[in-house]
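Please find one structure pasted underneath; my questions will follow.
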Amino acid sequence: MNWQSILQAVAADVAPVVGGGRVANYIPALARVPMQQFGIALATVDGEQAAAGDSHTPFSIQSVSKVLGLTLGLQALGPALWDRIGREPSGNPFNSLVQLEREEGKPRNPFINAGALCVADRLLSAHEDPTKAFNDLGCSLLGEVLAFDAEVERSERTSGFRNAALANFIKSFGQIDNDIDAVLGLYYRQCSIVSHCAGLARAFGYLANGGVQPETGQRIVSREQARRINSLMLTCGTYDAAGEFAFKVGLPCKSGVGGAIVAVVPGRMVLCAWSPGLDETGNSVAARLAMELFVSRTGLSVF
Amino acid sequence: MNWQSILQAVAADVAPVVGGGRVANYIPALARVPMQQFGIALATVDGEQAAAGDSHTPFSIQSVSKVLGLTLGLQALGPALWDRIGREPSGNPFNSLVQLEREEGKPRNPFINAGALCVADRLLSAHEDPTKAFNDLGCSLLGEVLAFDAEVERSERTSGFRNAALANFIKSFGQIDNDIDAVLGLYYRQCSIVSHCAGLARAFGYLANGGVQPETGQRIVSREQARRINSLMLTCGTYDAAGEFAFKVGLPCKSGVGGAIVAVVPGRMVLCAWSPGLDETGNSVAARLAMELFVSRTGLSVF
Amino acid sequence: MNWQSILQAVAADVAPVVGGGRVANYIPALARVPMQQFGIALATVDGEQAAAGDSHTPFSIQSVSKVLGLTLGLQALGPALWDRIGREPSGNPFNSLVQLEREEGKPRNPFINAGALCVADRLLSAHEDPTKAFNDLGCSLLGEVLAFDAEVERSERTSGFRNAALANFIKSFGQIDNDIDAVLGLYYRQCSIVSHCAGLARAFGYLANGGVQPETGQRIVSREQARRINSLMLTCGTYDAAGEFAFKVGLPCKSGVGGAIVAVVPGRMVLCAWSPGLDETGNSVAARLAMELFVSRTGLSVF
Amino acid sequence: MNWQSILQAVAADVAPVVGGGRVANYIPALARVPMQQFGIALATVDGEQAAAGDSHTPFSIQSVSKVLGLTLGLQALGPALWDRIGREPSGNPFNSLVQLEREEGKPRNPFINAGALCVADRLLSAHEDPTKAFNDLGCSLLGEVLAFDAEVERSERTSGFRNAALANFIKSFGQIDNDIDAVLGLYYRQCSIVSHCAGLARAFGYLANGGVQPETGQRIVSREQARRINSLMLTCGTYDAAGEFAFKVGLPCKSGVGGAIVAVVPGRMVLCAWSPGLDETGNSVAARLAMELFVSRTGLSVF
């Protein structure tokens, strides 16, 4: 297929909704991102690339970084990572604290904040310098160190009372080993990673390619671990809209409140779309529609 | 591939765990089913069939019938079915009542009991004789009327206090229109449907074939509705183990406490395995392992 | 003190708020009660009586009947009544189902609906004819059989889905022995008892008099049981406003959505006020204010 | 009555259970308190004092300090204190986080930890030096500055993850104004106050005396505020056993995990008993029994 023309057609079709929704406003650095932006890019396992719109405009990847954290966690600990983190959907956000209580501080999955905090805790135990581990992973995936937005990191830190509540609550069950501030610090650092659509489409190539990064041939995770990550993205990757994504997109996806959505087509490619305006489930309005249109045009759904 | 030999190999490999787990014991009719039984069968969209073990032994399909109910609901109401039923995973069972309260009597999805009761209510409004509707669907799918186990139906009715609690609770929000006893009656009737592995593998062929029953060419649901059902099976079809199934099996599955698991390979086939012993999540120990082994041998996972 | 003039002054002071609030509208028989009514009456342990306003106008006593049910339960079972019913405040109504789940079908106290249903179940086991037991108690307390409002009873029955949900949920834990319909039937019957302020002030005299009915000298419950009932009324008797009542009234109180509030002054008297308009906690606006004014004028608070 | 001989008789009667239960073990400073200790003391509004057992042995007053915090809060803010803190029982501890979520960060009452943290926040805003405010109150009540146990304070701080979770969670709703560490610091400081039975019985005299400290005639709180505190102690002062205390003791009580229980007899006296062993509700086994025996011997219950 002519990926370039498909992405251009998708970009044209979503234009009417770009600027719709609401930008994440819990920190100023996100609140002031102009909403009239949309980018999309893909990278196939065979090395093809295509892009349309603001495909190289940098943005805060936010929760998309949970996939990187999980990748590092599986690299460092293998199956032992799951001793303290579940792998099941969590129902609505309201449940998280009740579930943590009932399940004695074991978060339901690594893509809810509670789970990502536990992953960060494990990375702090496994790596002397976990920020360096993120950077090394960035180099493996993209050939360059990661960029961090210091203002975003600082803002998250000073306004992240709910994350601090989660971390303290989990630690009260003895399920976090490291200092709370260190855990939160690493978590906010990974949330502040900056990238763009073209970069993320390349970076996550290993998830479409059985764990091996297509550009370099380097194994990032095992085939089984890649499948594990993909299945978690499909069942838990898009907040409280995972069921709708499974139906309408039918691909493993991970979204972030910065407006990015990454989708994996197993065996084929990775796709990334971005636009800052969010719907009420915290997913980008335009990026979500772009994913649906792409799948509808190409038939590249797993179902 | 030689499906027959693959199924025989799978049956041989699961033999050591057949008889493990615990049989559903909340009603006598299920509690006395001998545990030393295992069957497996498949039917491809091209008309191939294969089977091994107790593939023609009848059993109570229980919650697998929720797929039939959903199919009838989509046939009768189309998208209006979703006015009163969500399409998202529900987290752990404990949440169901809390979620129903918060979401004002709208169950999270049609595969939890609360959701299936709402589907039954809609079928009662849509069909003068909903049992006949099930039978007509059975004829379309299998060329024969359905068999019901009257003892199972009676037992469910006399011991189903939690289902009665759910139905009354939902009705207190005005989200059930019909008489509670009629709703519960239809629900227990569908739970009491009797079939076998070979039958179920043929019956659900339309889910692997874009909505068209392979044997007859009859359209059962639209292509979009078939995708919807498949995605719901993957995210919500196996109780509190949907995340594990998504990873280890990687196919849309629906299980029942009678010990059956049905799996759809989109575009290819439907598979059904059965063995009465259940694990602590309510899924058959041996049928679950059989699904994992089948996928592992054939690579037929969506991820 | 001159009780008569005190009650008249209270009635005059509450006049401006009579008609405020909202009448209970979940059943027609309650919804059409004229709101411009207010009555108040008291009966001392020494035999004095006083009354003002619509003190002899009959009304549906609703949850005030839970005190009668508890009295019968303690008479029949003694401390064994508490095997299945707790004695602690329950927090807000939202919790009831979650608490029932966590506490395995044991309601928090006999004054929430779940608890009253359990009491009704125990009465069904203890008495061949529980309605007769209520009537016998009525004769002991007032010298006359009770009046029931058949329309209220019927309406409760046909619209009481939430109560039916509670009863079925409790039975699913094995904490209700009798048939659900019988339990609900007795519960709705007791809710439909009709009385008036002067009657209720006399009827509950035993709670102010160490368990002995003042008019007849008949022991109704033990001194200890009377204290138990009073303490439960203070901590749990007025729905989600028990803390406010404890502060502003400072007496054991039980309210009903018919608009009645009964208050016990231990060692002194029983007071009953009534007006149909309810506040958002389900307590009568005018009767509640009347209790506060009475306590403020007389200093008859326990604190 | 001869208070001295009554307290001695009570002390003799509880001797068999002294040493029973379990000492609070979440911090070492509490865990190593010898369990074979029991003290009791009273001080009447007329200036009589009596004591028995280890009535002058110092202990950590822990949650009894919440009454002092509430007193300071009412002094500083009056009714505005209730803008952010409710006055109703909270049900079981499990509910606290769910309730905080539903009630948007407004704790149910000032005697649960969440509520005491909010009080501490308000004191930080109202007083330049809140520790000095506690000390000034101590001087007013006892004629001496308070003693603090620095080790207890330090231990609470380093192990108080659940309190930190609560404080962060409340702040995420904007219901805490000050820095989290400052709020927790003040809270842990007040928990570390050291006193003894004779001291606490004198200190809380104002609650039995309409708000005026009996020894000095100084008004500490208004009459209405004293009633408010007493009613809160009765409905919410003893964790999840408030209903049992209301029945068996029938007096406003506040307990702490250090083993102390303070009880107010309105218009008469304050009583304090102490013994380190706790029952499963967190109340001192022997002090609780002592309260029951005292009430049973003297009839000094409000019911």
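Chains here go by letter, A, B, C and D, matching the order in which they are written, and residues are numbered from 1 within each.
The criterion applied here is as follows: a residue touches a chain if its C-beta (ideal position, glycine included) is under 8 Å from a C-beta of that chain, and two chains touch if they have at least 3 such contacts.
Just so you know, these numbers come straight off a predicted model, no measurement behind them.
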Interface residue identity across copies chain C, chain D - same or different by half: same
Computed distance of Cα centres, chain D from chain C, in Å: 32
Distance from the mean Cα position of chain D to that of chain B, given in whole angstrom: 56
For chain D, residues that touch 2 or more chains besides their own: 94, 98
Chain-chain contacts as defined at top: A-B, A-D, B-C, C-D
In the complex, chain B residues that touch chain C: 94, 97-98, 101, 161-162, 164-169, 171-172, 180
Complex contact set, residues of chain A against chain B: 86-92, 94-95, 98-99, 102-103, 108-109, 227-228, 230-232, 234-236, 240-244, 246-247, 250, 252, 266, 301-303
